[in-house]
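Here the chain labels run A, B, C and D in written order, and each chain numbers its own residues starting at 1.
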Amino acid sequence: MTTPDLRVSIGSLFLKNPVLTASGTFGYGKEFAPYVNLHYLGGVVVKGISLAPRRGNPPPRIVETASGMLNAIGLENVGLDRFISEKMPYLREIGTRVIVNILGDSLEEYQTLGRRLSEVEGISALEVNISCPNVKKGGVAFGTDPAMAEAVTRAVCAHSTLPVIVKLSPNVSDIAQIARGAEAGGAQAVSLINTLLGMAIDVRSRRPRLANIVGGLSGPAIKPIALRMVWQVAQAVKIPVIGIGGITTTEDALEFLLAGATAIEVGTANFVNPRASQEIVEGLGRYLTDNRLSGISEVIGGLILP
Amino acid sequence: MNKYEEQAEVLRQEQLMPEIFRLTLRAPEIAANARPGQFVMVQTSPGYDPLLRRPLSIHQTIGHDQVQLLYKVVGKGTRLLATMTAGQQLNLTGPLGHGFELAASKAICLVGGGMGIAPLYFLAREILRNTCPPKCVVLLGARTAAELGPLPGNFMDLGVTTHLATDDGSLGHHGFVAELLLQHLDPELKWTVCACGPHPMMKAVAGQCRKQGWECQVSLEATMACGIGACLGCAVPQAELSGPYLHVCKDGPVFKAEEVAWL
Amino acid sequence: MTTPDLRVSIGSLFLKNPVLTASGTFGYGKEFAPYVNLHYLGGVVVKGISLAPRRGNPPPRIVETASGMLNAIGLENVGLDRFISEKMPYLREIGTRVIVNILGDSLEEYQTLGRRLSEVEGISALEVNISCPNVKKGGVAFGTDPAMAEAVTRAVCAHSTLPVIVKLSPNVSDIAQIARGAEAGGAQAVSLINTLLGMAIDVRSRRPRLANIVGGLSGPAIKPIALRMVWQVAQAVKIPVIGIGGITTTEDALEFLLAGATAIEVGTANFVNPRASQEIVEGLGRYLTDNRLSGISEVIGGLILP
Amino acid sequence: MNKYEEQAEVLRQEQLMPEIFRLTLRAPEIAANARPGQFVMVQTSPGYDPLLRRPLSIHQTIGHDQVQLLYKVVGKGTRLLATMTAGQQLNLTGPLGHGFELAASKAICLVGGGMGIAPLYFLAREILRNTCPPKCVVLLGARTAAELGPLPGNFMDLGVTTHLATDDGSLGHHGFVAELLLQHLDPELKWTVCACGPHPMMKAVAGQCRKQGWECQVSLEATMACGIGACLGCAVPQAELSGPYLHVCKDGPVFKAEEVAWL
């Protein structure tokens, strides 16, 4: 019997399998080395990087909700320079794709990040987080307007030689429209969803449970919404779609692939089961074998409609 | 430091007090590598409710393969944990974080409040086994005697001097455990104080130590998602307020008191 | 000790307590009579009514998700005439407010429903479901555009003598803007949230788990999103806000009241615990007593910000 | 018909076959009011995972206060149910829906496939106790003998004629249970056939009965949220395809075969 073929390509980016880890949930890879053989993964998406280091929000930053969690980390990160000098040496050696998630508060910042990271060895692609507020446009998030999504995509693509994945925010009326904006701007792929804006209150103290008041909802709770959006976007754009949102098991991953995702990212599940990402790679292989399928491409977009 | 994910077997579940339980698990990898002050992340449910693992200090290791946890039932996760019985399986990750560091201190004082007592028993046993300093004192506090249950006896059985305080005076000193520091520690000695308990207690202890010029280590708590430095959820402000946040699971849970902002 | 005062008013509509039941989760009241003393409730919102009877979607219509459920009932209902002749006689006698949820696929249908129901005795208010597609506008839901939300509100208000509550869809970029549209159109209150659009796939059959492909997500999973939206809307409008979404316990209800809701609706929780609505009424009373508060108005909007 | 919400006590949990369990509960209100073919909604978890109650037929009532369920472990909810042990509490609502209706039939045949056998035992006992018709035959089917376990014996112990069929021929007739109808029912009699099992089985039974002019009642399944006619989730198409949907929990689960669309 031949080993199942899990390879996929996201534009010009080839992955040995469609399982990535979601930004902000897998640190810089190293944190999970005790639990996961990193080179088994399709790739690692690192915590979002900005030009300058960011302190993030004051604590408490995390609260659990029904089958999910809210986070208000506030995009804490070590900044571009320390990322390159401190984190990249390790990441270059992990034996799989390294995708760098970037964030900024202006087009210029995104441009600079794209340009600078293109010069760094060992990076396979950029994932552009457009859920951030555009400071120059009164703080409206780039990701809530198709034109702004297109502009930020174009800015990164023009200044970078790396494949660009645009990561979409779900807090919109019509995510397919935003995806088309990213496609028009030159994205090689879109990934979705980022977290849904949520809130929790401690009724004893009468205070928000997060110092930031609101935070991003993730985990199994949001999977149905994420899956619906991935399905809608996969129909709306020609570029590959990467599915994210509550993926915890092989079955979850298969749902997203069937809905049209070419790859998936495992997020919050890494906290619950640190071996989740590797187990999903193994599970997908077993699924192909059990169903006598020659490759994962026979699954992608394979949803049968009534 | 090595970290493991282990399917642990429940060996014993003891209800020490109405809300406080002691759980003994077979978890050989974690037991073999654990240091006092480190913790484990426990998966309290096979499903998604609760979703996240719960951090619990290692109360002690027994032999080469057992880990003991001491916990209070405060919510969903700990309530589920209390229903586990011998023979059942529980998934743990650990040992996590940095524990207490006792180089060659001659005089050591452990200060525990409430469930903060949990890691100190492990620490006391290690101190007695390894360094065996000339002076070792344990100070334990709780709101009321019933909350301490058999714990003071456990420490006394180790042969270590133990003083108690309760907020309501039902056992030992009537007042806060931090007040015992001045009562029982010879100010002439260079004490190393290791504290774990509610934030106000540790703040008071840290304040006393600073005044006396004593070294002080504190074990902090924060809501955690990953326990391994990946999510950045467990931030606490550092002494240098404008500096980056500390992360309890990775930089701690044990910190030098002077590293931390005591807001 | 005096009994705690749970009374609230939603515009001109007085409720003995802030606990309503959400449309579509409580039938026409009678179904829950074996479990709940209906007259203990602040009110009952009945299943959405259209002018003509509707068959709804083919089965399967329901699928469970992590801490939630998807439904694609497709607004099955007996239609206005049978509602009035078959359901109202019972509802008139239950000893609490009856709020009729209405839906249409054109402004005219909403108008007619508003006019006809104003002539029926025993109805205290209308709740206008604007998550429905506007057939004349190419099927875009009324609730995704502030101008359309305003228009449909105005249409109902102009033809009805009853207080009008407009029920908002959460599948939008900026729900506060839609709420302002409803306010401008003359709504006495807004209620939110309706369900979030979601999807689930059976990986064995490779088919959607709902015959309708997509459905509405409800239950504890969506509570953080609902609470955030209620908080945003409460700050954006002057009219009262009714909070809906995953409310299962007294604590959940208190979170929404603290965030600024004047009343709440219990939905999916009725399926899990048929006594949930009554237990929340009792729990709120106990909360006031335990905290020595004289009335629920001391809770509403009582969130303390950092 | 009265419906109740009861905190039932688990009296006995028996594992009949690897995946099939029989659960005996003390639930006096439900036991006192239940009719064969009715069901209960069981809360399988105290938390939100799984969230919804699970519908299970009443396998029988025992004495005045006990309810017995027969169920197969197929997913999260039933897996949790199987972990319940004597003394634990389980929340039930019921009895729900409309059961079988047997006026004064002279010849009754019960046809059960797989877990569809569950409600038929209750029905068989009631028939024997009340109407005691001149003719009563039970036909049971499953994929393989191991899936039937002690169930055929239970029916035989009632003294009722029981014929078996298995898809693999490991017990009784080698083939489908519906095929037993023609083999064992005297076509001269006016049979009332009560069927519960997989959809294709019931479709075959309903087809046979129509041909023979026999009355046929079928117990349908559908995914349910409320179980009481409030959510409209459990729709099934009626024979008159353009008419409104039937709702299994309220209009059923037992229907006259001719009311239902056999797609």
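A few points about this structure:
Everything below uses one rule, namely that a residue touches a chain if its C-beta (ideal position, glycine included) is under 8 Å from a C-beta of that chain, and two chains touch if they have at least 3 such contacts.
Since this is a predicted model, take the numbers as computed values, not measurements.
Using the contact threshold fixed earlier, the set of chains in contact with both subunit A and subunit D is B, C.
C-beta contact counts were set side by side for B-C and C-D; C-D has more. Rounded to a whole number, the gap between the C-alpha centres of subunit B and subunit D is 54 angstrom.
Per-chain CA centroids place subunit A at a distance of 34 Å from subunit C. Centroid to centroid, with C-alpha atoms defining each point, subunit B and subunit C lie 47 Å apart. Subunit D has its Cα centroid 36 Å from the Cα centroid of subunit C.
Those residues of subunit B in touch with two or more other chains are numbered 48-50. Residue positions 66-68, 219-221 of subunit C each touch two or more of the other chains. If you sketch which chains touch which, every chain touches every other chain without exception.
Of all residues in subunit C, those touching subunit A in their complex are 65-68, 70, 144, 171-174, 196-201, 203, 205-208, 211, 213-214, 217, 219-225, 227-228, 231, 246, 251, 254-255, 258-259, 302-306. The residues of subunit A lying in touch with subunit B in their complex are 24-27, 31-32, 34-35, 47, 53, 55-64, 66-69, 71, 73, 76, 219-221, 248, 268, 270-275.
If you check the complex, the residues on subunit D that touch subunit B are 45, 47-50, 76. Those residues of subunit B whose C-beta lies close enough to touch subunit A in the complex are 2-5, 43, 48-53, 91, 93, 222-237, 244-245. For subunit A in complex with subunit D, the touching residues are 66-67.
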